[in-house]
Amino acid sequence: MSKLKLNLGPQHPSTHGVLRLILELEGEKIISCEPDIGYLHRGMEKMAEKLSYIQYLPLVDRIDYLAGFFYSELLCRTVEKALGVELSKRVKAIRVMLLELNRIASHLLWIGAFLMDLGAVSPFFYAFREREVILKYFEKITGQRMMNNYFVFGGVRRDIFSLEDVENIINILPDKVKDYEALITENPIFVQRTKGKGVLDKETAFNFGITGVNLRASGVNLDFRVKDYLYERIDFNPVVLDGADSWSRYKARVLEIKESINIIKQTLKVLESEKELEQKLVNPLNLTLPEGEYIQEIEAPRGLASIYIKSTEEKSPYRLKWRTGSYYSVNLLRKILKGAYLNDAIAISGSLDIILPEVDK
Amino acid sequence: MNYLYFLYIEFLAKHNIPQLFGDLTFYVIPCCIIFCALLVVVLALVLFERKLLGWFTQRKGPNRVGLWGILQTLADAFKLLCKENITPKGADRFLFNLAPVVIFVPVMIALGLIPYSSEFTFMNFQTNLLIFIVIGALPVLSILLAGWASNNKYSLFGSMRSVAQILAYELPMAFVILSVAVLGSSLNLTQIIYAQSSGGGILGWFGIPCIIGFVIMFICVIAELNRCPFDLPEAESELICGYNTEYSGMRFAIFYLSEYAMLFANSMLLAVLFLGGFLSPFGKYLSPIIFPPDVSWIIIYFEQAFWLFAKTFLIIFVVIWIRATFPRMAQFDLLKFSWAVLLPVSILNLFLMVVLKYLTGGGYV
Amino acid sequence: MNWTEFQNIFKDCRLEGEKIVINSDLLKTIEFIKTNYHFEMLKEIIASDNGDGNVELTYRLFSLEDEEDLLISINVQDEAESISSIFESAVADEKEIFDLFGVKFIGNPELKRLYMPEYWKGHPLRKDYKEDDERLNWNE
């Protein structure tokens, strides 16, 4: 049979942004896949070398606009660790709470978009309805829905308020998640399309540098939150599933939403006992880091995110590098799509939760 | 229909117009009626679907244009008509333009074959049902043309998927229709409907003895119309828009229109075959009870049409409900489902129906 | 991992803070570390221009058992050995470094421009990169 070259994207409805896949097909079977990225490249690393730290901070949220808090947390953390700033309990609790809310919002969006890829319309709207509540809360406390720019070096921009909204969110969400599960999880067509499709075994996942939910759905207990200093006093269990297929990745994300709700509950208790906001903000003017190299990591919704800063005691970093989870997931597509059919390919690439601004940086 | 024909000829004779003219024009009139009615029905149907989908997904649906958004689809249609017709470079112009025409004609014919009330079928042949099946499979030809002529790989994929799908689902559907024909001892839709009146109301409908067939036919109709969960030929997230990716403006509007008209025609066929068509679900028509006898003889026809439309819209409602609930099937599972599950079950169903007919004293007709 | 044992095998290396700095035999060293000390994952490759014409490549390996990182760094000029045969994820990292730093990785199957267009001159994260391309002034 002769081969057919198909250009999927960058303006394709289901590539979640501007991913371009050059597929070679035999009938509808994919024999090779070559991801082509760079349509959203903003030169984040080059910009860092020109800007001072405080000028760079608002840009950092844009690396992954669905999980902006994680990236600003990384930059703030690097500065704080380098200068030896200690965070008070309340600041830590605020940060953990917002990070987890952001994780829930990100996973909710993924559920909607993934089901949209599979051709189901309704879950998209249901998931967005709940995400909307969370974003409304973000807007209330930070003034922005997505690119929040709320964490600053040494603390948060202003104290948090209206915690009853958060309580409301975590009270409603479990019921709503139950709704999605009723609609999706056991749906025979959904199971048929995802069970056993896009299998990602442990060795391949390690080899391709896959982290985060995608790795944990393959049966590896690796959650960088466990060793994270923000999550020190928080009791939670990383979600680990054995299926290694698209269905497990879906299920793992749903369970992770529940786990995040659990974490938020604990932070709310801390916030109730620690009423006073104590924080020693770093003066951002003429801020320089001591000479050296700094690496910080965090468990973002799409896998391990880390930052590397090499400082030469100047206003802007000498070199700054981001590691993002999606970048490696895109690389994995080369392997995981081989031999899949075209309509499975969409489901598989959707299940990996690739978000393009994170890939292109 | 004969009755209407005589009325028409009589009317012409009064005005000294030759009968030949009447014979010629009589069949033009229904075409015009169908076309106008079709436009209205399709516009209503699109609005119905959008409103329902809106409610299913906790939105309001269209609610700005006109009262409760009634004019929304009209405005959309107008917008489509105003848009530029684009023919892509490298497309086969003749076939590209032919495809929308080819999809439109069979839909019109199919609508003419349905008995809207006991006296009102535009084309009442002895083998109505058979013609409907043949006509109903024709739109795939247009889809194939559209996919091939567009010079677009996504369109080609869409049309190829569509052909495979319709081939797979036509067969079980034919077996089910055969079993209904056995039950009704006829290939004429009106007679099949009358055969369902014996039980008095719902109990006589073929949907009850032939429930398996009803379900199979329902699935097949959804598949043949390329609707969710069988909407692979135009899978939005995979093939962008499948075979009509390259169509714009008027031509796209025709595709869109025919799709909904086909949905309407096929739902009506389902209602006719399994839900008693224009029969009242209570066994008796309501209009003789409500209206005095001198007007009820004509109102009864409207009541029959009302029941048919009510049943049709019920079926369409379920189709939309399914669309709001299920994800899309995979191509492989879809074909496997037809050949491995539906086909054997439909043959079994046919066998059961033949036995049933024999036992209830119908004998072989 | 056992540092003294490691130094006995690879004499040409030294410890600088948390980093192991090697001068040659990159591929061999990393393969040895992967097989003998169970560092199953390559988290990332960090490149940084030293300013003297050398690019420092830092390989961050990760071991699941101990949940710890290992940094291996090497100074290269314009060419380096590709470790894509050991870690598939290196393909992506090396591609990025090639695009931004111009380091050619020998043995990488898909070395070409990633973010920048094919016709782009220079490698933007090099310290000697000049922003005098006429295309950069399009909006002024």
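Order of writing sets the labels: A, B and C. Residues in every chain begin at 1.
The criterion applied here is as follows: a contact is a pair of C-beta atoms (placed from the backbone, for glycine too) under 8 Å apart; a residue touches a chain by one contact, two chains touch by 3 or more.
Bear in mind that the values here come from a model prediction, so they are computed numbers and not experimental data.
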item: Contact graph of the chains (line, ring, star, complete, other); value: line
item: Chain whose Cα mean lies nearest the overall Cα mean; value: A
item: Intercentroid distance (Cα basis), subunit C paired with subunit A, Å; value: 25
item: Gap in Å, rounded to a whole number, between the CA centres of subunit B and subunit A; value: 46
item: Distance between the centres, which are taken as Cα means, of subunit C and subunit B, whole angstrom; value: 63
item: Per-residue multi-chain contacts in subunit A, two or more chains; value: none
item: Subunit A contact footprint on subunit C (complex, rising order); value: 17, 40-44, 46-49, 58, 60, 64, 67, 69, 87-89, 91-92, 100, 110, 113-116, 124-125
item: Subunit A to subunit C touching residues, read off their complex; value: 34, 37-38, 41, 43, 45-46, 49, 204, 206-209, 211, 220, 222, 227, 293, 295, 304, 306, 308, 310, 318-319, 321, 323, 327-328, 330-331, 335, 360-361
item: Touching residues on subunit B, where the partner in the complex is subunit A; value: 53, 56-59, 153, 157, 228-229, 231-232, 235-238, 240, 323-333
item: In the complex with subunit B, residue positions of subunit A that touch it; value: 4, 6, 12-14, 28, 115-122, 124-126, 129, 183, 187, 189-190, 192-193, 341-344, 346
